[in-house]
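Two complexes, one shared chain (chain A), two partners (chain B, chain C).
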Partner chain A sequence: MARSGTLAGPRRRNGMGLARREAMMGLLLVSPWLLGFLIFTLGPMVASLWFSFCEYKVIQPPRWIGLGNYQRMFTDDLFYKSLSVTTRYTLVSVPLGILAALAVAVLLNQNVPGARVIRTIFYLPSVVSGVAVALVFSWIFNYRFGILNYVIGLFGIRGPDWLGRPQWALWAFILMSLWGIGGNMIILLAALQGVPVSLHEAAEIDGANSFVRFWTITMPMISPALLLVTIMSIIGSWQVFTSAYIMTGGGPAYATLFYLLYLYRNAFSWFEMGYASAMAWVLFVIILVCTLLTLRGSQSLVHYEGA
Partner chain B sequence: MTTAASIRRRRSARRIVRDVAPKVLVYLLLLPLTFFIIMPFAWMVGSSFKPIGSGIKFPPQFIPNPIVFTNYPLVFKTIPFLMYTRNSLIVTLTVIVGEVLSASVVGYSFARLRFPGRDFMFVVLLATMMIPYPVTMVPTFIVFKILRWVDTYLPLTIPAFFAPPFAVFLLRQFFLTVNRELDDAAKVDGCNELRILFQILMPLSKPALTTVAIFSFTANWNDFLGPLIYLSSARMYTLALGINYLRSFRGGGDLAPQMAAAVMFSLPCIVLFFLGQKYFVQGIVTTGLKG
Partner chain C sequence: MNVHRSISRRRFLRLGGSAVAAGVLAACAPPAGAPSATTAPAKGTVAAEEPVGAQPTAAYEQGELYVLVCCSGPEEQEAKNEFGQRFSEAHPGATVRLEPMPAGQNYFEKLQTVIAAGTAPDVYDMWEGYVQPYAKNGALLNLEPYLEKDAKLKKSDLWEGALEAVSWQGDLYAMLICIMPGPVSLYYNKPLLDAVGVSYPTSDWTWNQVRDAAIKLTVDSNGDGEPEQYGLVFDNWFVPWTYWIWSNGGDVFADNDTRCALTDPKAYGAIQYWADLVVRDKCAPTASVQSTMQGSMNMFKSDMAALYLGNCWDLAGLNDARTQGLDWGACLAPKANDGNRVFYQHTWCWGIWPGSKKQNLAWEYVRDFVTDEKMITAFNTFQKAFPGVKALLHTFTTPETEALGWTAIVDIVGDPKKLRYPGSGAKWDKISSMIQAEWDLVFVGDKTAEQAAKDVCPVVEEELARA
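Entry: the complex of A and B
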């Protein structure tokens, strides 16, 4: 009795000690992220919430003005403009881009020879994003000497002044966004390849044609991937910056004044840090609402295997 | 008279129509789209060999005639291209080291160790992947300004040492697939956690680590907004800022040298992509991020 007691004692203590040690080690090793989260995410978010209620022009300390910055948005024509530009861009480029990505993914999933090469080509634009792309496209969209209008001209149509006309400039950016569908396409292609062949075979025996099979088997099976791609695309479309900064600078007549570009100008050209912080929070809320709406709206459409 | 051979022939002809026709259709649809994707690349490379002034010629040519090689040296003469390249490499390589090290440690902790609040913290980590950079951009800038880090590479590199969520997530998912028995055996032999991570898990996780490194390289090499905010003196510029700077020069503002610069700027990413294509695909599919 006594002996077993003394044996069990240290053993249990030792067991608890191990668990404690593991917990300490776990917290220690996770601390880089935790610190980073506090310093570079949570801290700045709280700070920017505070700044958003202040007038803050960097040279003077922040001065509390309550809802002043938010009220200012209601009377700021450029703020409206940037909201409307980005909203229109999102509403057109996201659905178009996803449809195009899905179409290409379906085509590549047909196991034609050379599909791998084509997949590689489609992904390539995602690797060279940014400045190089913006430089190339500024020339491609050139009204008189650009290759795009030349190709359009071959069909006997006179191409518009893409980047010089307010009614066309945003379309140029939408067209450019379609060039970069490769990332979405690869996610959707992976999802398509994950659809079990047995389901298709069973449906085929039951006499379902390929269209019926696509809608009743493929679409539900890839719906989680579609949802993911939709949300990521929406978030991305609210962060268009480099291309607009380089290609148009927001013009002509503010037709490509993307939200982030206007935020950047407020913060770093005019040092309106308070107003820019308020804009950042509005952006955060917009993205949050878009994401939640997409999640809510897709609830009945998305099928989770085994859920 | 129908012989068996002709029946067979007709059958095989029908089979060819049935099997081949859809494939032809797939090609007919895919090829114009592929052309649409390739065209800007082809045009970028082609134009980099055109003589000065060809940007304002009609009709535009795909294949340069005459072919000139002077645009590449012209880029080096107009802007300090090598210095910008060195700056970009400093930033990018530092970020890769920081990201791989810190995300490995944190990813290991999430994948293997039990500690209070772990699952909650992991959910928070996933949520932060959704927070757009602009939301924290302004106050982070102010903090770095107070620290007098503006116009140094510290604001661009130091955050990478605090385990960016994308890399942590990717590595954690990978560590979970590595058989636990190996590190249990090492633990019995008296290895501590860091030795298990660095000597057992990381050597086994080369594909995942490569994926993180490749993504980090392209993201930072191409990053424009970060350097634009933080770097003010021209000698600190990264290549992304530098080649945009090229536009403001006489001569450099022409099509051909700009395209030469664009080719040289995107070449490392393209080469890296072809070398590590499978890692790219794996990374995108695991995390849903597009690079």
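Entry: the complex of A and C
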């Protein structure tokens, strides 16, 4: 009996037991991430969803008001203003940034001496602190002593008061967004380098010029990467905060009141954490819808190799 | 026995869900030590009558008093540290932990966050605009019961007229430390005035005189329309513009803070007058130029502006500049052209967390702080502020104050017609930012002040009406 028991034991452990052990081990190994996710991401998310239905002045416990915060958005001029500023920024900065990133990636994909160094230089701005960038750009856009207006002045044009006039301030932020194209550029460059040379060679033999080759071969081949950077850029453009907070504080005359800045003001300056939470969830929905629309709209444009 | 138990997906999700729910409930729960509506001092803990600095009663709680301090410069911080040391020595068993936050950091965001997290300080710095919203939301201890029973400090020892800014529904919720009229001073650069033969301004100057002088003092040597030296610089935020609107007989609110009064010609006329200095006369810089030069005071310190409408807290920086060769003088901020002058009342005060476990100790700390002559004298050496306790008036009225022309403030402290605080209580911060956005357009010439007032008033009234 003892012997058969001994034999039966390992058999059980090697069967069902092994699967359980592996499951336990798997859970154990992912538990740091899992706990972090539950406590620091999912927990606050669920809490903010709850707060969005409450009047929550931060220094007092939340009080349930149902859809009050969401209803308030319909009559809040500043909400619409922040939505308008951010939408206009997205509509211009995202295509502009992708085009710039693609142009730089194409140039860096050529066989030129020092290409690796140049790539690093182009990527470096992406890792610089947002606060430092904002401070530097405050000076670049300075209308009396800034380098931008100095360069414009060389062509006999008097540069505008970029950050001081409502009609120019958003353009300054759009121009500034080009500073961070390094991340997208690297993704697109990687995609460009994945395009088989043989396809280009075959097309070249068939008499296709470089534009036709780029349009009919390169673009379809890098379209998944383009889709990725488009979605990432849209998400990023709805999350502009640091630069606006530091450079203009949302002014002049709310011309740079980005959505996230207005959300922050409600949460931390005006004791409106409930309203800010509702705004956060609306932002979540906006980003989700933008992403889904982009995915859906790109179905016929994106070429997946082997699909 | 089989000790290996599998965790089913359902059980796993249930556990996870419970954890999240617990987190949510914890987040929704009131912070530890959440305040009751009015927290009275514990029975038998009233301090006995005694002079300032004498041994306190044994009624205070033992342990560490956590004090959050805003915006102190190094000298001010040193003075506070020293006071904390003396307070600890006078209160055996009690220590003071000061947590200073330098100016420019988000003090109130930090305060709000620690309160929400249930780790509020026992005592914290407060300012006029925050007392009412904090009191309304139960984040400040009602000090009336303490004040009523305290033998050392009575409400009548404070400047009654200045108490509105630190009160809520008639009760005192923050302890008045100092009052700072804003903008208190017109600073002037003597050599620049001498160079064009402009006489030094006096406390009797009106704004027409300032305007005439500023135009003479403005220098555009290369004729590009952008002066290299401006006659005048002033900040464009609510303290200067409320001073200017009130001095001109206008107001921001009317009908007990239910209506916006900016459409009154006296109010928008005042703003237009100032905007004309910037846009039409070009004798004062735009906000952009000020920002370029790292602020209005830096423009004055670097000879880019001859006159500067400034504040009492500029004094330390300007005294430093004097040691480096800047020859400047000062007088009281100019009067409106009809001779009226109404200042904004900055109010520095202490608040006590209603959930504090050391309320008696906290009370003794704030009481001793505001009545401590050494502390208030030290404070008045590096900037000038009017002490909240009447008996310490002499710390303000020094020969230096006389030289600055600020002694006239003594006559107006406590006069709500001359030293005011804007209405709308908890909503002022938001409403002032709404108004500021419109004034921004006026000060770059994109709108008239009249139009801006017409545009902003409906929004302001909507905000006033919102519960």
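By definition in this document, the second predicted complex is superposed on the first by the 292 of 307 C-alpha atoms of A that agree within 3 Å, B and C clash if a C-alpha of one lies under 4 Å from a C-alpha of the other, contacts with A are read in each partner's own complex, and residues count from 1 in each chain.
Assume contacts are C-beta pairs under 8 Å (C-beta built on N, C-alpha and C of every residue); 3 or more make two chains touch, one makes a residue touch a chain.
Keep in mind that this is a model prediction, so the values were computed, not measured.
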Is A:Tyr70 in contact with chain B, with chain C, with both, or with neither (first, second, both, neither)? neither
Check whether A:Val131 is in contact with chain B, with chain C, with both or with neither, and answer first, second, both or neither. first
Chain B versus chain C as contact partner of A:Trp171, first or second or both or neither: neither
In the superposition, chain B vs chain C on chain A residues touched: B
Kindly classify A:Leu27 by the partners it touches after superposition: chain B alone (first), chain C alone (second), both, or neither? both
Quick check for you: in the superposed arrangement, does A:Ser269 touch first (chain B), second (chain C), both or neither? second
Please work out whether A:Tyr254 is in contact with chain B alone, chain C alone, both, or neither, and reply first, second, both or neither. second
Do chain B and chain C touch any of the same residues on chain A, and if so, which? 19, 23-24, 27, 34, 39, 43-44, 47, 51, 58, 142, 144-145, 268
In their shared complex, at which residues does chain A touch chain C? 12-13, 17, 19-21, 23-24, 27, 34, 38-39, 42-44, 46-47, 50-51, 57-62, 75, 77-78, 138, 142-145, 161, 163-166, 251-254, 265, 268-271
Taking the complex as given, what residues does chain C use to touch chain A? 2, 4-7, 12, 16, 19-20, 23-24, 27-31, 34, 106, 108-109, 112-113, 115-116, 133-134, 137-139, 226, 286-289, 291-292, 426, 429-430, 433-434, 436-438, 440-441, 444, 446, 459, 462
Per the contact definition, I'd like the list of chain A residues that touch chain B in the complex. 19, 22-27, 29-30, 32-37, 39-41, 43-45, 47-48, 51, 58, 100, 103-104, 107-108, 110, 112, 118, 120-133, 135-137, 139-140, 142, 144-147, 150, 179, 182-184, 186-187, 190, 228-229, 231-232, 235-236, 238-239, 241-242, 245-246, 260, 263-264, 267-268, 273, 276-277, 280-281, 283-284, 287, 291
Would you mind writing out the residues of chain B in touch with chain A in their complex? 22-23, 26-27, 29-30, 33-34, 36-41, 43-44, 47, 55-60, 62, 102, 105-106, 108-110, 113-116, 118, 121, 124-125, 128, 130-143, 145, 159, 161-165, 168, 193, 218, 222-225, 228-229, 240, 243-244, 247, 255, 258-259, 261-263, 265-266, 269-270, 272-274, 277, 280-281, 284-285, 288-291
